[in-house]
Each structure stands twice: as C-alpha cells, then as structure tokens.
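Some structures are shown below for you to check.
Below are two complexes that have chain A in common, paired first with chain B and then with chain C.
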Partner chain A sequence: MSMCLRKTLEAFIRHKRSTINEWIMELKRQALINLDTTTANMLIELENHIGTLMPLKTQYSPNEYITALRSHALILSYLNELLEMVKNMLPPDMIRDIMLKMISLVKGGLSLDFGGIAIQCKNLLQSLHEIGNQIFAEGTRKYLVTIIESCGFGELSKEGEFLLRESIASLIQSMEKPYITMEEISMKMGIKENQTKKIIKKLSSIYPEILSKNDIISTRQKIETWIENTIKEKVSEEEVHKLKDLFPEQLESAYITNAKKLTKMFNNLLEGE
Partner chain B sequence: MCIELEKEPKKKYVTSNLDTETLVYYKKIDRDDPNHFVVQGDEIAYVICPDGQEIPVTDPGTYKIIVKPIDVIWLKKTPIDIKIGIPKEATEIGIGFHAVIRLHPTSPSLIIQSIKRKNLSINEVKDILRNIARETFQTLINNMHENIEKYRKLFNVKLNELLATTNLAGFTAVISYIGFSYMCKPTELLEAEPP
Partner chain C sequence: MISTENITEIIKKLEKIKERIREESIDWWWLDQGDAALINITKIEYTKKEIKYVKMPKVSIKTAITILLNNLKNVYSLSKGKRIQIMSTINEELNELLELVENIREAHKIIEEFEFFDKILDSTEKGEEEKAELKKIIKGSINWIKEIFHTKPFEWEKRRETFKNIAKKLHKTLIEKPK
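Then we have the complex of A and B:
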C-alpha cells in the first residue's frame, strides 16, 4: 500500500467534502431566508450524508481500504462537479436525489467495486444529458490528475487506467482536427508534458486503439469519423434525395465511381503525389 | 499544513470553552500550551497556521499541532435560539414586538472573517439582533396589515439582508415566532410583573 496514495486520497476526500458542504450551506442559507423548511431539512440530511463519506480504516484490510478510498474520492469528485455545474440550474430535490443515489453506491462493502461505481455514476449522470457527460468527464479528470500529479501514473488502478484511456479518447473525439498533440493533452488534462508522454506510451502499448507517433495522438475511430464528417459537410441532403427520386440508377453509378475516385485520391495523397 | 489528525486521544490537549453564553471561541495556542487540540462532534474549528493558511476542521477528533503558534476558532455547528424583545417606546408607532430567532451558522469561513480573532458572546449577538430587528420592523411598518405568515417571510428576508452587514454575516436567521404588543391578551397583561 503506497503511503503517498493513501495520504493523497484522504486529503482529496477531506477537501472535496469541505467544498461540497460549503455549497450545501449556501443552498441551505437561501432556503432558510425564504423560510422554506422542507428544502432546508433536505439539505441538512444531505450534509449529514456527505459527512459520512470517508471509509473507516478498521472495516477493511489495507488493500481494501485503498480501494474504498479510491471509490469515495471518485464519488466526491462527481458530487463536487455536480453541485458546481448545476446548483443554480436544477431544483434542489432533483440534485439531492442524484446525490443520494451516488452516495449509496459507496456504502459499506459496495465501495470495493470501483469499476462498477464509475459505470453506475456515468449512467446516473447521463440522465442529465449533455451537462451530465461534462460532469462525468470533469469529475473523472480531477480524480485522475490528483493521483497522477501527486504519486505518479503507476498508482492508478486497472480501472483508473481504463478511465484515463476513456478521458483521452473523448478528448481526441472532441477535437475538430483528426488528432491531438501531446501539448494539447497536457494542457487539457492538467498533467505535465513529460508525464503525459509516459502515460501515452504506456496506454498505447496496453490499448492498441490509441495511435501515437511524434507527439501526435489519435484513434482509428476519430480518423473514421473525421473523414465521414468532412464528406458529409460537402453533401447537400436535399439535393441527394432529389437526385435519388429523379435518376436513381445514375446516382448509384456515380456513387460507386466517386467512391473509387476517393480511394484513389487518398492513395495518391498518402504516396505524396 | 500546520496540523494533522491524531490517531489516538491524548492526555493533554486544548479544548474549546464553548458554553451556553459563548457562540464563537478563540484561542491562540502558543509554545507553552499542549501540542494537541480537540474538536467535538457538534463543533467546527478553523485553524490559522503561522504562514497565514486557513484550515477548516469539520471532522471531530484530536489534532496534532506540527508548527506553533496557531490560532484556533471553534464554533457550534448546531443552530441556536435567541429571544429578543423591543418595547413599544422604541418604535415610531408605539407598537412593541418580541421574536424568537434561530441562528444557523451557514458560512463558517465568513463567520471567522467577520468576527476576527476574538470570542463572541450571546449578549453581543442579542444586541446586534435587537438593533437589526428594530430596523427591519421600522422598514416594514407599511406591511403590518398583511397576513402574519406573509409578514414573517418579509421580515425574515429583510432581517437577513441587514444581518449580512454586521459581525454576524455568515449566520442565517430564521424567525421562528413574532408577536406584537397589541396581540397580548388582557389575562397575560394582568399576570405580567409590574416594571
């Protein structure tokens, strides 16, 4: 069990709990000023739940304790982002429901299923649509960066490595161009560049779908979607439908001819002609 | 960090002297004082390290002081009920009132900033609340004919606006009860002791 990892996770949990409690108190203040005792009581209940989000060392073996710390830290990272992003957008009871569902995921022995917790959190947050995806991405990023920056990439669990791969893949996917540079990953993730290089090298050896060469990183999926989007942008859907209605056979023949031309064009480009 | 959580309780430690008359307790822990301090379950503490770093301590337990001297400020997590009365002579319209105000500590960091490094007694709190409750009453004289529940809500919002400008910024007030002198029953007046 790494001392650095244990101390980092304990400090992370304390810090997040304190920040979350300040936000809950701010919401509670608004409710109390308006004499809305129902909301105030609900927030007090939530505050008490947040106070219990620290695993008890005596309940676990040393290795289990680290896993429980990881799970608690990850959940708190999501709860923190949830409050930061939606506290003024969604009604307090809706926020409370999601928060309580997430808190229940780490109660007792459940906290040892780190991978399951991450997946269930993703599913829960997806009910908030786009903002939920942002909460998941940012919560995951902050959790990963805290461990990597304090104790190194080697301290991530297998599930943590998987989450990191997902984060980098979604970063690549969000780019307009078909790849991302090492510097861009470093800036967007908040990890030092030399550390990023080591991470990418390791990840591309574990996950072959991550392609890396000369500080340029991409995925097969990104290249495919980029080509698809580039073609789509230049095609007018309405005109294609009109052509299909009027000249279906000619359209099909033109489509085949052009697909061949496109393949030839790519081959020429790749051969530098 | 000038403090860290101690695994086991220690024999010598500094504790808060929060009693029924004190709402916020401050102590400078110097070189001659014990090396540990305690935060109880119903308390929050704020530690100011020698380098100026402020550390909120929300988990109860015993804490080891790594670098001395430090300033520690303890406050109660739980809300407190304060009864205040304003005599009719003190208002412009000859109507007095009394109220039960529940004070919730909703922003501990702001409380620490507002009170600075000193104790805060219940008597000081009562004085502040009396002044701002009278001011709130004067501001809302035209709303007195409204339904009492609606009036109580208006009173609460205005009272909290004024509270934010005092040493009690960081607390949130909730008017649990408000009654006016003209509501007193004749039997209560007869039972009341002469001044």
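Then we have the complex of A and C:
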C-alpha cells in the first residue's frame, strides 16, 4: 500500500467534504431566509450523510481500505461538482435524490467495487443530460489529476486507468480538428506535459485505439467522425494532410467506412427506408 | 489496412444503386429519363507511371456511377498513399451524388404535384382567364425546376422552399374548398 496514495486520498476526501458542507451551509442559510423548513431539514440530513463519507480503517484490510478510499474520493468528487454546477439550476429535492443515491453506492457495500461505482454514477448523472455528462467528466478529471499529480500515474488502479482513457478519448472527441496535441491534453486535464507524455505512451500501449505520434493524439473513432463531417460539409484539406502523414492506415480506414456509410444511405434512400 | 472485402462490398452496393437509378429514372422525363448531364465527376486514369485525375464535363447520374465504379475497381492494386487520395475523391463525389439524387427525388415529387394540378385544372369551375394564368404558373415552375437542375443542380437547396410554397398555394386554390 502506497503511503502517498493513502494520504492523498484521505486529504482529498477531507477537502471535498468540507467544500461540500460549505455549499450545503449556504443552501441551508438560503432555505432558512425563505422560511423553507422542508428544504432546510433535507439539507441537514444530507450534511449528516456527507459527514460519514470516510471509510473506517478497522473495517477493511490495508488493500481494501485503499480501494474504499478511492471509491469514497470519486463519489465526493462527483457530489462536489454536482453541487457546484447545478445548485442554482435544479430543484433541491432533485439534487438531494441524486446525491443520496450516489452516497448509498458506497454505503451499500459497493465501496470495494470502484469500477461499478463509476458506472453507476455515470448512469445516475446521465439523467441530467448534458450537464450530467459535464459533472461526470469534471468529477472524474479532478479525482484522477489529484492522484497523478501527487503520487504519479502508476498509482491509478486498472479502473482508474480506464477512466483516464475515457476522459482523454472524450477530450479528443470534443475537438473540432481530428486530433489533440499533447500540450492541449496537458492544459485541459491539468497535468504537467512531461507527465502527460508518459501517460499517453502507457495508455496507447494498453489501449490500441489511442493513436499517438509526434505529440499528436487521436482515435480511430475521431478520425472516422471527422472524415464523415468533412466530406459532408466539404471543408478542410490541411488537417487531412496531417492525418495522412501521421495516421495513414486509420485515415484510409475512415474513408472506407465513410464510403460504406454513404452507399448504405444511398441504398436506403432508393429503397425508401 | 485496406480490406478487399470492404471495397468489394462498396462496389456491389454501387452496382445495385446504379440499377435502381436506372429503373427509377425512367420516370424523370424532365431530366431526359436520367440521361441529362448534371454532375462533374473525376475520372481517375491509371497508368504504370502515374495517376491522372481528369475532371469530366458534366455527365448523367448513371454515367457518374459507372465512372465511380471504374475508379473504385482500380483501388485494389495501388499503394497506400495513392489509395488515400483516391478514396478521398471517391468519398467527396459519392456524397455529391447522394445529395443530387436526394434533390432530384424531392423535385420530382413536386413536379408530379404540379402535373396533377395541371390535370385537374380543366375540370375546375375556374374562369378561362384564371385557368390560363394558373397553367402558366404551373408550366413556368416546372421549367424553372428543369433549368435549375440542368445548370446548377445544387442550387435546389436554396430554391426548394419557393416551389413548395407555390405547390401549397396551388393546392389551396384548386383543391381546398373555400370556407
């Protein structure tokens, strides 16, 4: 068990709990000013739950304790983002419901299933549509960056590596151009560039769908969607040349996939589907 | 890596599309049963030494598909760099063809509506002068659509609403009972 990781996660949890409690205090004050005792009581209940979000060392083996810390830290990261992003947008009872559901995940015995928790949180947050996706992305990013920056990429669990891959893939997907540069990943993720380079090198060796060459990173999926849009909108030649130099096989495959899609659409049009 | 099966699949689909267009275009009287020259396409000529991209004068849709098919059939034997460039051209032109056929089918439906209005016009109780006026509008609209497709077929996207509105007005005048 890494001492650095344990200390980092414990500090992260404490910090997130106190930030969340500050948000809740503020909401409570507003509720009391509005003489809204129902909301105030609901917030007190939530505050109590947040206070218990730290795994008890005595309940776990050393390795399990780290996993439980990871799960609690991830949940708190999402809860923090949820409050920060939607506290003035959504009705308090709706926020409370989602928060309680997320809290119950670590309380309900799932605390040792880090991957399961991440998936369940994603599903819960997806009920909030686009903002939910943003909360998930930002909550995941902050959790990952804290571990990477304090203890190094090697301290991420397998599931953490998967989450990191997902975060980077969604960053690539959100770009207008067909790739992202190392510098852009570093800036958007909040990770130092030399650390980012190591991460990308490792991730592309584990996940072949992440393509990396000369500080340019992309995915097969991104190249395919980009080619599809480029053909439709008849724009941009410059980026195609870059892709041709860096990822010729994926570019070719994207053209083939798109031609297949177009002939299928053509066929459907003529068959009246 | 390029797979032969993928290219073969695209070729097969295109051959099917060509056949369907041949059948359907028999009804496109206003486009010479599909023989009107509407689209510029690139003929890719392969020699041992080089590949030439020859932009053809406007050809019919059926010819365009044949050219595309020939371009595709030669892709198998080329090196990667050359294949990418050719596949890029094929993608762009295939997309244009698809858009063009979508436009033609949409315009054809509107022309059929105009023809229907023309047919029922004589049996309506309109005065002779009004009938003549409406006939002029119908004929003029059909000619205008023909002209668009024979000159700049992709202009249809900017014009389609105009013709839809004319058809809507004719429908109101000739079919809907006055309230």
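Quick note on the criterion: the second predicted complex is superposed on the first by the 232 of 273 C-alpha atoms of A that agree within 3 Å, B and C clash if a C-alpha of one lies under 4 Å from a C-alpha of the other, contacts with A are read in each partner's own complex, and residues count from 1 in each chain.
Everything that follows uses one rule, which is that contacts are C-beta pairs under 8 Å (C-beta built on N, C-alpha and C of every residue); 3 or more make two chains touch, one makes a residue touch a chain.
Note that the structure is a prediction, hence the values are computed from the model and not measured.
*Asks:* Per the contact definition in the header, classify A:T263: touching chain B only (first), chain C only (second), both, or neither.
*Replies:* Only chain C is touched by A:T263; chain B is not.
*Asks:* Which partner does A:I33 reach: the first (chain B), the second (chain C), both, or neither?
*Replies:* It touches chain B, and chain C stays clear.
*Asks:* In the superposed arrangement, does chain B or chain C reach more residues of chain A?
*Replies:* When the residues of chain A touched by each partner are counted, C comes out ahead.
*Asks:* Where does A:K201 make contact in the superposed view: on chain B (first), on chain C (second), on both, or on neither?
*Replies:* Touch partners of A:K201: none, neither chain B nor chain C.
*Asks:* Once the shared chain is lined up, is A:E252 touching chain B (first), chain C (second), both, or neither of them?
*Replies:* second
*Asks:* When the two structures are overlaid on chain A, which partner does A:I231 contact: first (chain B), second (chain C), both, or neither?
*Replies:* second
*Asks:* Once the complexes are superposed, what residues of chain A are shared between the chain B interface and the chain C interface?
*Replies:* none
*Asks:* Spell out the residues on chain A that touch chain B in their complex, using ranges where they run on.
*Replies:* 14, 17-18, 21-22, 25-26, 28-29, 32-35, 51, 54
*Asks:* Along chain A, where are the residues that touch chain C in the complex?
*Replies:* 227, 231-232, 234, 240, 244, 248-249, 251-253, 255-256, 258-260, 262-267, 269-271
*Asks:* Tell me, which parts of chain B touch chain A in their complex?
*Replies:* Within the complex, chain B contacts chain A at residues 56, 58-59, 104, 106-109, 152-153, 156-157, 160, 172-175.
*Asks:* Of all residues in chain C, which touch chain A in the complex?
*Replies:* My answer: residues 1-3, 6-7, 9-10, 13-14, 16-17, 20-21, 24, 80-81, 83-84, 87-88, 90-92, 94-95, 97-98, 101-102, 105.
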